[in-house]
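In order of appearance the chains are A, B, C and D, and numbering begins at 1 in each one.
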Amino acid sequence: MRVYVKLFAGARELVGQESVALELPASATVGLLRERLTEAHPELRSLANHAMFAIEATYCDNETPIPENAEIACIPPVSGG
Amino acid sequence: MRVYVKLFAGARELVGQESVALELPASATVGLLRERLTEAHPELRSLANHAMFAIEATYCDNETPIPENAEIACIPPVSGG
Amino acid sequence: MIELTENPLEPATLLAKAQSPDAGAVVLFLGITRRMTGDRETLCLQYEAYQAMAVKELERLKNEACERWSLTACAISHRLGAVPLGEASVAIVVASAHRGEAFAAGQWLIDTLKECVPIWKQEQWADGKTEWVHPKGNDEARITNDK
Amino acid sequence: MIELTENPLEPATLLAKAQSPDAGAVVLFLGITRRMTGDRETLCLQYEAYQAMAVKELERLKNEACERWSLTACAISHRLGAVPLGEASVAIVVASAHRGEAFAAGQWLIDTLKECVPIWKQEQWADGKTEWVHPKGNDEARITNDK
């Protein structure tokens, strides 16, 4: 399946895009997404290791399976406030 | 010496005056003042036992000697804020 | 800034003075006249101060707070006379480079104010009684005036 | 009330809504754009959010705070875009019957906001560099853009 990952802040700046498209197997988890993202965009490696991922605007962990057509976001360490 | 003791809040209300005059020996301490105040105004006894006294707007303890012509105040437990 | 006033407090003015490029954090505390204490209803609070000493004690607290924490601003304003329901009797504003210090100083200032500063409140209860509040440890001595 | 806005924050409006006869205590926290970080000078901070998720996370924090403490009001407003020196990037207001709860809830809300809510700041340094701030434990990853 094809997924689109939203990028923010430093991650967006490193890649130079607001989102990236990745091809993943149907049963992919967030852990696999993290691997594929940094393979496709090695410039993200350092930040992506510390990033969280969100599916439908909810934090999830590496074991979470990725549903089809879900809104997926890469959340680098936050610094609001 | 003759001293005047300012009264506030419940103490003022119990005595019905904003200050009271007391006759004290020249070497009197705050402890003696406290005793004489409650002898002269027994209605103050319960509150005066918990009250602090201030000389020239500074808290003092029972051992503090009372200077002549000083501004003396009885400070019942405070409840500002 | 230390102030005793019979007028409504103006927290926005205090905040504006505390906000500066040196501050990273501003904490404001407001004490408000609350309607219910347990199941008793308050109509109004009336505050009285030994004014000269209260100002002196508030200055002392401010100075001590500025020694204990690195503050870029510190202001305390206390209202006297009648403070109606929902209005503020006290406003404390502190600012510092980092938020931990602002919170710690703000909490210490209101805690210490309530222990030390010669200001007293009189409850005006809905049942018609008035009562000066004189806390004694966990207890409170209440000098009641049945009207 | 939860709000993300590109406009200057209005703490006086938040305070007015939080002040009520049910509250005995109101605590306001403002996070301010500070000029100096160590010996580096900031010109401006720029904030960006994953907006839908940030609002959802802020609602979650508000609900959790209302479960943990007995609050009569809770509002969080975060500014996005450019926040000049001395202006507020975040305003948190909590009210409760007693002051201990208001201070605890206010401090917990800003601490947790800084850990969880998908909002990021970019430093615009006086030396011309810009830098997204991505804290990693005690460290901070800084994605620098030398202009």
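Assume a contact is a pair of C-beta atoms (placed from the backbone, for glycine too) under 8 Å apart; a residue touches a chain by one contact, two chains touch by 3 or more.
Predicted, not measured: the structure shown is a model, and the values here were computed from it.
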{"item": "Path length in steps (a step moves to a chain that is touched) from chain B to chain D", "value": "2"}
{"item": "Inter-chain centre distance, chain C versus chain D - centres from mean C-alpha coordinates, in Å", "value": "25"}
{"item": "Where chain A and chain C are represented by their mean Cα positions, the distance between them in whole Å", "value": "49"}
{"item": "Multi-partner residues of chain C (at least 2 other chains)", "value": "31, 110"}
{"item": "Per-residue multi-chain contacts in chain A, two or more chains", "value": "none"}
{"item": "Chain-to-chain touches, reported pairwise for every pair that qualifies", "value": "A-D, B-C, C-D"}
{"item": "Contacting residues of chain C [partner chain D, same complex]", "value": "11-12, 15, 19-36, 85-88, 95, 97, 99, 102-103, 106-107, 110"}
{"item": "Residues of chain A touching chain D in the complex", "value": "6, 8-10, 13-14, 46-47, 50, 54, 57-59, 73, 75-81"}
{"item": "Chain C residues within the chain B interface of the complex", "value": "31, 47-50, 52-54, 56, 78, 89-90, 110, 113-122, 132-136, 140-141, 143, 145"}
